[in-house]
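One chain, chain A, appears in both complexes that follow, with chain B as partner in the first and chain C in the second.
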Partner chain A sequence: MTLADYARDHAVHAAVVLVFFLYPPVNGALESSPLAAETAAFLPGITFMIAVLYMGLFAMSFDFVSGYTGYLSFGHAAFYGTGAYFVVLAANGQIPGIPGGTPFMITLLLGALLAALLALVIGSVSFRLTGVYFAMITLGFAQVIYELIRSWGYVSTNPQEGATIGGDGLAIGVPYVDALSLRVGRLTGTSVENLLGLGIDVSATVVSYYALGAVVLASYFAMQRILHSPFGRVMVAIRENEERARAVGYPTYRFKLAAFAISGFFGAVAGGIFAAYARSVSPDNSYFFLVTADALITTIIGGFGTLAGPLFGTAFHQWLEDVLSTESGGLATYIREGVPATVLETDVFGLSVELFVNTALAGRAPLYLGIVFVLFVLFVPNGILGTVRDRLGGTVGKRLPERLRRYRR
Partner chain B sequence: MSATALSLGVADPAPLLATGGAADGLRTAVRVLVEGLGKAAVYFTIAVGLTLVFGLMGVLNFAHGAVTMVGAYLGGLVLVLVVGSGTGTLATIGVFFAAMAIVFAVTTAAGSLIELKLIRPIYDRTPTYQILLTFGVSLIIEEVARIVLTLRGIQPDPQWQAPMGTAPDVLLGRTDFLGIAVRRLYLFEVLIGGVVLVAVWLFLTRTLYGLYIRAGSEDTEMVQALGIDVRRAFTVVFGVGTGLAAVGGVLLMWDPIWGPSVLLSIDVLLYAFVVVIIGGLGSFRGTVVAAGIVGIADSVTTWLFTTGVVTFSGLSEVTIFLLLVGMLIVRPQGLYGVEEVGGH
Partner chain C sequence: MLLETDGLTKRFGGITAVDGVDFALESGELCSLIGPNGAGKTTFFNLLTGVLEPSDGAIRFAPGAGAGEGGQAGEGGDGGVGTRDITDASPHETALAGIHRSYQITNLFPTLTVLENVRIAAQAARGGDAWKLWRNVRSFDAHYEEAHQILDRIGLDGAADAVAENLSHGEKRSLEVGVALAGDPDLLLLDEPTAGVSSEGVDDVVALIEDVAADHSVMLIEHNMDVVMGISDRIAVLHRGELIADGPPESVRNDPAVREAYLGGYGREGDATGEEQSGGTDGDGSAAATDGGRRVDRPTGRAPPAERGRASGRTPNRGGGGR
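Showing the complex of A and B:
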C-alpha cells in the first residue's frame, strides 16, 4: 500500500481532526467579529468542546463493547469512575505505592489497567449471562461500587461530595519531560502567550482542549485498530450470531472478556482525563447510573456499533447543553437581549413569553435530548453515522473518496 | 433514597440496646420484622407493575420509575387540594384511597396511549430498542415534571413537603403492638401493599387479561398461536402496569424516606429492577417473595447501622444491590422465573 493510498483511506479522519483542531481559533475569531452574539448563543464554547472529548471517548468505549459484541454494558460508569477516582487519589498521594508527584500519564495508565482488571472480574461472572440479565448484573456491580464510594471516608472527609485534587495541574505529554508536556485545567493549565512569536495567546482552557484531544485521538485509533483486526471481526461475529461463532471454533467467552477489558480500559482513560481537567470528581458525576445513560443516549444518536458515531452524538448533546445553558450566553440569553421587551412581556395563555423562555429553554437540554433520543429510536435506529453509512454503502472513510472521485470525472 | 433521609425512617435504637435481655431482643426482632414488612409492601407496590409488563410483553419498562414519580405528585396534588386542617382522619384516609383510584385511572390511560403510539411500532426490533424507547420517555417525563413544578413554584429535587403534611397524625405516631412500639405508617403500608397484592392477584386469576399474562409469561408464542389478540392485551397490560407504578407513587407520598421528588424516578426504577430480578422476571409470586426479602434485608441492615454495630452508612443500599448481583450469579432466572425469558 502506498503512502497515497494510506492518505486517501484516512482523508475523512484527517478532515474530522482538522475541524476539531481549527475549532478554537475559528470560534475565537468569530467571537471578536460582528457575529459575536450569535457565536456565543449557537456555537459551543471551548469548555463544552472539552466535554465532547472526554464524554465522547467514554461513549466510544461503551460502544466498543455494547455496539460491537451486542452486550449492553449498563454498568460502564464503573470504569469511568475508577479512572477518575484513581487519578484524583493518586495526585493526592492517597494510593499506597504511588508517591504524590508521579506523572499523570503514568497514573492514567495505571488507573486504566486497574479498570481493565475490574472489567475482567465483573465480566468473568457477567458473561455467563445474556440479554437483559447481562445489562442488569453489570448495572448491579456499578451500583454497589457507587454506594461504597459514596460512604468511603478514605476518599475525602465528605465522600458523598467526592474528592478534589490539590496542587499543580496534571500534565499530558511525555512523563518527566517538562518541555513535552502540557498541564491541563481551567485555572491550573499551561497557557501560552505569544505562540511562536506570532502574537497569538492560547488560554489554559484551549491548551487543555488540545491536550485532551491528543489522548482521545490516540485512544480512538487504538480502538479502531482493534476493531479492524481479526479480533474485532470475532466481536462482530458474536453480535451477529454467537452460537455460530462458537461452533466455528472461537472461544467466545474469552473474546467477550477481552473486549470488555479493553472497553473498560478506555472508559477509565476517559474518566481520568475528565478528572485531570475538572480537578475533582464526585460519585454522582462518575460512578452513577446516569453517567452510563449519557453514553447510551449519545451512542444511539451517533450510531450504535459505529466507533466514531458516539463522538458525534456527544457533540450534538454538548451543543444542545451549550445552546440551552444558562451560564455562557445560550439561546435564552440571546432571546432576552435580542427581542424587544414588549414581546417578552406578551401573555400567551396566561404565561409571559419571558417566563416561557426562562422555564422551557434555559437549562432544559435534557428535555430536548430526550425528545431527540426518542425520535432517533423510532425513526433513525442506526443513528447519524450508521444511517450515513447505509446511504453510502460502506464506511465513510472508504466510500466518500470514491464518491468524490466519481463526481470529479 | 439519600442517606440523610435514611436516618428519618427508623426508630431510636438507644433504649433497646440499653436494656438488653432475651425479651428485649425478641421485641427488637419483631419490630425490625414489622418495619421490614412495611418496606416490603412499598417495594412490592413499586415493582409489581414492572413484572406484569415484562411477563407478557418482554419489555423492561425504563419509564416505570418516572411514572411512580408522577403518581406521587398527582396523589399529593389531590390530597393538598382536598384535605384541609379540619379534615378528619377517616376522611383523609378516604381521600387517600380516592387519590389512588384517580391516579390509577389517569396513568393507566396514559400508559395505554404510550404503548399504542410509541412502543407498538417497534415490537419487531430487538428488545434493546424497547428499553431505549422507554428510557427516552422517562427522560421526557422527568423534564416535563421539572418544568411544571418550577412554573408552580415548587422545588423539584427536595421532597415536596405539602402533601407529606396532610398525613393524619394517627399514622405518624407509634402504636403498641404486643408490647412493641411500631410506627403506624409501616402498618398502613402493609395494609395498602396487601390491598394491591389481592387486587393484582384477582386481576391475574379472575380476568381474561390476567390469564393472558400468566400464559404469556410461560410461552408468548403459544399464546399468539392460540389466536389471542396479543396486541390489545399488550396495550391493556402496559396500561395496568403503568397505573400500578403510579399507585406505588401515591403510597410513597406519605413516607418520609421517599416522598414526592423528581429524584424518585431513578431511585424507584433501580429498586424495582432489584425486586423483579430477584423474584424472576415476569413472575408475580417471585415479586411478592423478593419484595419480602429486600424489605427485610433493608430493615435489618438499617437497624445494624443505627445501633452502631456497623458504621458504614451505605450498608442497606450496598446489601440490596449485592442481593441483585448474587442472585444473578447463582440463579439468573431469579427465584421463580422461567429460564428462557429475558436472555435475548
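Showing the complex of A and C:
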C-alpha cells in the first residue's frame, strides 16, 4: 500500500480531524465578529466540545461491543466509572502501590486495564446469557458497583458526592517529559500565551480540548484497527449469526469476552480523561446507569455498529444541550435579547412569549433529545452514519472520494 | 473408520430422539441418513457436531486415519493421527476437529457478502489468525484465495460481492454448502441441501453434492428418495431415534422394516399425490422442531423410488417456499 493510497483511504478521517482541530479558532474568531450573538446561540462552546470528546469516546467504546457483537452492554457505565475513579483516587495517592504524582498517562492506562479485568469478570458470567438477559445482567452488575461506590467511605468523606482531585492538573502527553505534556482542566490546565510568537493565546480549556482530542483520536484508531482485523470480522460474524460462527469453528464465548474487555478498556479511558478534565467524579456522573443511557442514545442517533457514528451522535447531543442551555448563550437567551420586548410580552393563549421561551426551551435538552431519539428509532433506524453509508453503498472513507471524482467531470 | 458412534442416545424429557445408535462411517463414503420427520436425523447431526450433548453413548472421530479416497492432505497414509473422543466436544471443537455441517434451514451470515461468508469460515480453520487483532484482514491473502476457490466450486464466484440475504433460495443453499466446505472438513454433514429448492434446481445441488463427495466424506440428510437412491454409497435409516437399517441402497430399499416404518406401508395407501399433500401435516406428531413439518417426505403410494431419471418431476417444492 503506497502512501498515496493511504492518504486517500484516510482523507475523510483527516477532514473530520481537521474540523475538530479548527473548531476552537473558528469559534473564537466568530465570537469576536458581528455574528457573536448567533455564535453564542447556535455553536457549542468549547466546554461542550470537550464533553463531545469524552462522551463520544465512551459511546464509541459502547458501540464497539454492542454494535459489532450485538450484545448490548447496558452496564457500560461500570467501566467509565472505574476509569474515572481510578484516575481520581490515584491522583490523590489513595490507591495502594501507586504513589501520588504518578503520571496521569500511566494511571489512565492502569485504570483502563483494571476496567478490562472487570469486563472479563462481568463478561464471564454475563456471556452465558444472550439478548435482553445479557443487557439486564450487565446493568445489574453496574448498579451493584454504583451502590458500593456510593457508600464506600474510603473514596471520600462523602462518597455520595464523589471525590475531587487536589493539586496540579493532570498531564496528557509523554510521561515524565514536561515539554511534551499538556495539563488539562479548566483552571489547572496549561494555557499558552503568544503561541509560536504569533500573538495567539490559547486558553487552558482549549488546550484541554486538544489534549483530550489526541487521546480520543488514538483510541478511535486503535478500535478501528481491531475492527478491521480478523478478530473484528469474527465479532461481526457473532452479531450476524452466533450459532453459525460457532459451527464454523470459533469459540465465540472467548471472542465475546475479549471484545468486551477491549470495549471496557476504552470505556475506562473515556472515564479517565473525563475525570482528569473535570477534576472530580461522583457516582451519578460516572457509574450511574443513565450514563450508559446517554451512550446508548447517542449511539442510536449516530449509527449503531459504525464506530465513528456515536461521536457524531454525541456531537449532536451536546449541540442540543448547548443550544437549549442558558449557560453560555443559547437559544433562549438569543430570543430574549434579539426579539423586541413588545413581542416577548405578547400574550398567546394567556401565556407571554417570554414565559413560553423560558419553559419550552431553556434547559429542556432532555425533552428534545427524547423526541429526536424516538424519531430516529422510527425513521432513521440506522442512525446518521449508518444511513449515509447505506446511501453511499459503503464506508464514507471509501465511497466519498469515488463519488467526488464522478462529480468533478 | 472415520466416525463411530457407540450407543448414542439423546433424551429430551420423556422423548428419546436418538436411541442407542451404533453407527460407523468409513472415510470417503457418502452415506445418506433418511427417516420420517421426527426420526432424529437432525438431532443426530446436532450430537455429532456438539450442538447437543449426548445423554448416553460415545462419539469417536478419526480424521486422517486411513483416508481412503485421497483429498485429505497431510497425514493420511499411516493413519497415525489417532482417534479422538468428541462425545463432549463443543461445536467449535468438532469444527476444528474437521466436522462441518450445512443446515436444513438456511443459516448464513445474512448481511455479509457471499465472499465474507465463506472467508470467515476459511479464517476459522486457520485457528490462530482470528486472534491477530492488529493486522488488517486484507493482508491475509490465503483466506481470500481459498474463499474464491470455494465460490468457484459452488458456482457463486460471480456473486462474491452480493449480500448473502439477497441471494436466491437456490444460491443460498449452495452457499450453505460453501460455508461448510470452507472449514476444510474431513467429514461434511449436509442437512437437506435440497430443502425448498425448485425442481429444476435440485439437479444442480445434486451435482454439487457429487462433486464435493469426490474428495470428502459426506453424510447427507435428504428426503428426496430419488436423490438418495441415486448418489448414496450407503443408506442409514432412522425411525423414532433407532437405526433400523444400514446398508447399500438396494438392500435398504427392499428391507421390510424400512418399508413398514419409513415408507409407511407402501402400496397400501393407494393414490399418491393426495396422500402426500396431507402427509406433510399429519406426519409424525413427535416431529422435532427442526423438522417443522415443512416438507412431505414419505413417498407414499408410488412405485419403488428408484429411478433417478424421474427425479425432477417428482420433487416439487411443496411447502418448501413457505418459509
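Convention: the second predicted complex is superposed on the first by the 409 of 409 C-alpha atoms of A that agree within 3 Å, B and C clash if a C-alpha of one lies under 4 Å from a C-alpha of the other, contacts with A are read in each partner's own complex, and residues count from 1 in each chain.
The definition used in the following text is that contacts are C-beta pairs under 8 Å (C-beta built on N, C-alpha and C of every residue); 3 or more make two chains touch, one makes a residue touch a chain.
If you're wondering where the values come from, they're calculated on a predicted model, not measured in any experiment.
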| item | value |
| --- | --- |
| Superposition on chain A - do chain B and chain C clash or fit | fit |
| Touched partner set for A:133, first chain B, second chain C, both or neither | first |
| Contacts of A:366 with chain B and chain C, given as first, second, both or neither | first |
| Touched partner set for A:229, first chain B, second chain C, both or neither | second |
| First, second, both or neither for A:167, with chain B first and chain C second | neither |
| Chain B versus chain C as contact partner of A:249, first or second or both or neither | second |
| Residue contacts on chain A - larger count, chain B or chain C | B |
| Touched partner set for A:394, first chain B, second chain C, both or neither | neither |
| Chain B and chain C, minimum CA distance [Å, superposed model] | 13 |
| Residues of chain A at both interfaces, chain B in one complex, chain C in the other | none |
| Contacting residues of chain B [partner chain A, same complex] | 3, 60, 118, 121-122, 125, 127-129, 131-133, 135-137, 139-140, 142-144, 147, 150-151, 266, 270, 273-274, 277, 281, 312-314, 317-318, 321-322, 324-325, 328-329, 332, 342-344 |
| Residue ranges of chain C in contact with chain A within the complex | 49, 51, 90-92, 95-96, 100-101, 103, 107-112, 116, 119-121, 123-125, 127, 129-137, 140, 143, 179-180, 182-183 |
| Interfacial residue positions of chain A with respect to chain C in the complex | 225-226, 228-234, 236-237, 240-241, 243-252, 255 |
| Interfacial residue positions of chain A with respect to chain B in the complex | 72, 125, 128-133, 135-137, 139-141, 143-144, 147-148, 150-151, 160, 289-290, 293, 296-297, 300, 351, 355, 359-360, 364, 366-367, 369-371, 373-374, 377-378, 381 |
